[in-house]
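Same chain, two partners: chain A is paired with chain B first, then with chain C.
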Partner chain A sequence: MVQETPWQQALRNANRANPYPFYEEMRKTPVSRQPDGTYVVSTYRELVELLHDPRVSSDTRKRPGAIPGVDPFEATIITEDPSEHDVDRRRIMRHFGPPERPDMITDMEPEIRLIFTELLDGMKSKTRVDVVDEFAFPGPVTVICKVLGVPLESIPLFHDWIETALDGLDLGPEASDPEQQRRLAAVSARVAEMRQFLADLFDQYRKQPGPGMLSGMGNDDGPEGRLPGGSLVSNAMLMLFAGHETTVNLIAHSVLSLLRHPDQLEKLRRRPELIVPGIEELLRFESSVQFWHTRSALEDIEIAGTTIPAGSTIFVCYGSANRDPLRFAHPDKLDLERPDNQHVGFSQGIHYCFGAPLARLEVQIAVSEFFRRVQNPRLVEDPPPYRHNQIFRGPRHVLVDIDGIRD
Partner chain B sequence: MRIVVDLNRCQGYAQCVFLAHEVFRLSGEETLTYDPNPDDARRLQVERAAAACPVQAILIDRLEGAQPRSVTS
Partner chain C sequence: MTVPARVAELVRDFKANGRIVIVGASLAGLRAAEALREEGFSGPLTIIGDEPHEPYDRPPLSKQVLKGWVPADHTELPRLRELDAQWRLGVAATGLDRTAKQVLLADGERVPYDRLLIATGTRARQWPNPTEAALAGVYTLRSRDDAARLRQALAAGPSRVLVIGGGFIGCEVASVCRELDIPVTLVERGSAPLVGALGGVIGEIAAQMQRDHGVDLRCEVGVLSLEGDASGHVRRARLSDGTTVEADVVLASLGSIRNVEWLEGSGLAAGFWGVGCDAGGRAFDINGVVTDSVYVAGDVARAPHVLYEYQFLAMEHWDNAVLGAQVAAHNMVSLEPDYRPHLLLPGFWSGQFGVNIKSVGVPPFGDEIVFTQGSAKQRRFAAAYGRRGRIVAAVTFNNGKWLEYYGRMIEQSAAFPPPLPGWDRPDDMKPIAADFPEPGVPTATSDVVLTGHDPNQRTAEFRPRGR
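Coming up: the complex of A and B.
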């Protein structure tokens, strides 16, 4: 049997709860070629260098042999290069942040606080709760629906589509297993349903404009015009999906990490303002997007003693770079007061997380309120079960025994 | 309060503008302008902006004569 590379082992389902020993092994070769010809970047310095390198494309259509229409996020801001990317990102940002709407996110604070307050109120008579199903998921999904203008009644519908799509994507050695092949087969129909659902919603908002970003984006008469139809739907799908999945995982992981580090939790209880730098550290420690898979080399790129040949796929592994001891002292230690924390949990460069300001606000409120109100939370199983997806890594459930909920 | 933004580090991510647009402003694509002496009432906003900066370019109260002060102290 051929020995698997550390990267292949990191991608195995059995290692989802703790990929870090494999990342440590990977960082011995900062940029490593995998048996399938992909190049994986695992060290901080090299990763940041490539994120800023114009010879690295994010556009899957530019890869040799690319088949158009396969990637559900094709022609979105996450898979476009400049200048297309810059125009489209501005077209969307007009409805989300500065310069046109600098207050939109901060103005949502009371509404977001109320959402998480009600979720905690709902746990009042319980002795055991699932932090994922009862808190980390319903909070962000409600918030993103309100931000975009997606009806709350449709949450169960698109949640099921997204779960199926996430379970179907496997980039590791288990991709060819028959069970995984069956999961993959279900993906395209779910993506098509999701596209149709959003296209219908845009139609509705064109006839009658309503609150939220989708109505704004669909009816925009701004200086750079509206996004073209297909790209409008793809970007909406990206925002609906990425706008909550990553936040769900960050809240679940933050609760888990703090319960695993009682010294840090105690510090946070004494000094609640530590949640502000703390959230950056929690994201460094357990990154919601472990790696990204759509980049490729437009030319031969020499880096860290390796030549990435033109046309090669490049995986940038944020989860590993954020634990690189050459950049972060004692990287496996959670330190809410970590100085100079330039983590790459939201990436860097032109594809820096579009929703980062919303994510920060949500997670600061959610995690603060959880530990302020939940009495004596204890982890029931450690590690908890993890979801299948390798990129959007997070626990499927986090069961916690509690003594009650404070007012 | 007094702040300095290291403009050699700033890459125009605009995270500070989301949190304190009365203090930080992007003119054009990547050029940041800011108020070096914002009102003390904005301290919390500015501290949040400093913590959110992806390249940690915002320095608070670190000018000559001032005591070094981290975001959280």
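Coming up: the complex of A and C.
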């Protein structure tokens, strides 16, 4: 049997809890060609360079032999290039941030705080909690529903669709396993259901405008017009999904990482203001988006002694770049006060995380409140079980024994 | 004791007991002070500033402050840490005695130092005719007080504003006027606005932007005189093409003058172009010998730049002030081999007529330009400047997120023209002449002459030119 590359090993389900030794191996070849012709970028400098290179496309449809309609992220701002990307991003940003809505996120702070407060109140009589199911998931999903104007009653419905879709997508050597093939078969139906659900919601908002971004986007008469129908639904799907999934994983990972590093947790308890740089470090340490798969080279690109030929798919591995010792001293150490922490946990360049200001605020509140109120939290299982998806890497459950909840 | 141990001992002792004086209490001065404390310097630290205000941020003065979004006195710079410094605000430094190691102040005091940082920056060039400059309604814009006065004048709803000079400040003020729906005339001696900084090709785009927004733009025209009414308020300007402009607010945006007069007689390489220093911020004396105790940072500093044929560059940019100050501060409390160079790639930004303009590198160093991304017509594009087959600068209009790509190419002296982008290509990607004006001949420079007969006593000396 042919020896698997470190990248292929990193993608194996068994290594989900700790892909870092494989990343370390990968970084010996900053830009490495995989057996399937894909190029994987694992080092910080090269990754950042490619994020800013206008010869790199994010549009899967521009790849040679691309089959349209396969990638659920197709026709969204994350898979568009300029100039269309710039126009579409502005069309959406009008309803979320500056210059038109500079206060939207900060104005939500009390509401976000209340959501997490109530979740912690709900743990009061318990001695064991699942940080994912009882805290890290319900918080962000409630927030994103309110931001977008998606009815809270529909959470169980779309949560199931998203989980099924996430489990079905595998980019590693296990993709061809029969069980995984069966999971994959379920994806397109779930995505179609999700699209229909959102299309119906837009229809409803067109008849009767309501609060939230979706209504705003669907009825927008802004200077650059409205997103066309299909792209409206695709982008709504992207925001509903990416707007909570990555936050869930960051909150769960932050609790996990701090419980694994009692010295850092102690420091945070003594100096609560460290939550602000702390969240950046926690995101560097366990990146919610481990890599991204839609980029490709439109021209030959020379980088790190390699030429990526035009037409090649490029995977940028944020999780590895964030642990690159050439950029971060002692990268495997969690240091809430890390100086000059220019991590790529939110990416860089024109595709920089659209929701980063919201994510920061949510996670700062969630993690501060969790450790302020939960008495004597102890990990039950380490490592915890992980979900299948490789890109959106996160624990399925984080069980914690607790002594109670402070007021 | 070994030599390295002795050096370490010296550094430790200096950090504990040395006396440091910073002249200039703006961005560079403040950030240098903070960096000194960050470096572990715990000795007495004095910061001298001629303005009475605590350090404030200048970029908003020509934008948010003039628009009335932010009051001029709400522009204080954020403090990054505790300083424990002696502040001498509202009193100018008037002289430097390098032999006694003292800074002379306007109130007669002498402040002793072991290490000195010069961060006195620049000031606005005044309208050259003092009588006309004294007319009510004639303004310059550099300081917080300037901005407060000009804001008040704009808020009063003038019938027309005349902006003299189409550099960045002039263009930004013209833009604010249009946003406030105030009629504005901009007079520029060159062929187009921004031509000195970005060349004629980009200048032409800037000119079109102004006209589209209703600016009465007049290029290749000078202002001969300003005339006031009986009460001493400016009313009109006479232009070199024989026309007149009626205006009750005039902004003279004629560039800046470096604040070096107080260094006269100090024996430093200080003059029209700034204070010469090495890439580590150590000042040169008049003979071109590097000093050990005097450092320079910010707008007033002028250092050789490795990427630009080691030519001496003054970089009047925000990040140059911050990063240059940090490097100078580090070197002030270090000894060889721990000196660090300030190797910044220059960069600046501006906002005008709804367009974000950003640049990296030194555009006037280039003689060719090529549009590389986007559309000049839509005012969202990137363009690269080249010289002798290598890329030396880039500019973006509403496309700033791509600047980093060009910055890296400049740092690597990559080939010009740069490789084609994969998407959003401009219609025409042929390099053309960047069309910079000939460098102007400075009018107020001194001659430097060598004196002394004995080769060991030869020294340079400034001879001010007759007026």
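We take it that the second predicted complex is superposed on the first by the 407 of 407 C-alpha atoms of A that agree within 3 Å, B and C clash if a C-alpha of one lies under 4 Å from a C-alpha of the other, contacts with A are read in each partner's own complex, and residues count from 1 in each chain.
Keep this in mind: contacts are C-beta pairs under 8 Å (C-beta built on N, C-alpha and C of every residue); 3 or more make two chains touch, one makes a residue touch a chain.
Note that the structure is a prediction, hence the values are computed from the model and not measured.
**Q** Kindly say whether there is room for both chain B and chain C on chain A in the superposition, answering fit or clash.
**A** clash
**Q** Regarding the shared-chain residue A:Ile402, is it in contact with chain B (first), chain C (second), both, or neither?
**A** neither
**Q** Which one hits more chain A residues, chain B or chain C?
**A** The partner with more contacted residues on chain A is B.
**Q** Regarding the shared-chain residue A:Met108, is it in contact with chain B (first), chain C (second), both, or neither?
**A** Neither partner.
**Q** Of the two partner chains, chain B (first) and chain C (second), which one does A:Leu379 touch, if any: first, second, both, or neither?
**A** Once the two structures are laid over each other on A, A:Leu379 reaches no partner at all.
**Q** Give one of first, second, both or neither to describe whether A:Asp81 is in contact with chain B, with chain C, with both, or with none.
**A** second
**Q** With both complexes overlaid on chain A, does A:Glu280 touch chain B (first), chain C (second), both or neither?
**A** first
**Q** Based on the superposition described at the top, state which of 3-11, 75-83 or 147-155 belonging to chain C clashes with chain B.
**A** Stretch flagged for C-alpha clashes with chain B: 75-83.
**Q** Using the superposition on A, tell me which residues of chain A are in contact with chain B and, in the other complex, with chain C.
**A** 86, 352.
**Q** So in the complex, which bits of chain A are touching chain C?
**A** Interface residues on chain A, with respect to chain C: 49, 52-57, 81-83, 86, 297-299, 349-350, 352.
**Q** If we count contacts the way the header does, which residues on chain A are in touch with chain B in the complex?
**A** Checking each residue of chain A against chain B gives 86, 97-99, 102-103, 105-106, 271, 273-274, 276-277, 280, 337, 339-342, 346, 348, 352, 356-357, 360.
**Q** Note which residues of chain B are touching chain A in the complex, please.
**A** Against chain A, the touching part of chain B is residues 11, 13-15, 17-19, 21, 25-26, 29, 47-48, 51-52, 54-56, 70-72.
**Q** Considering only the defined contacts, which chain C positions touch chain A in the complex?
**A** It is residues 372-375, 378, 380, 401-402, 404-405, 408, 419-424 of chain C that touch chain A.
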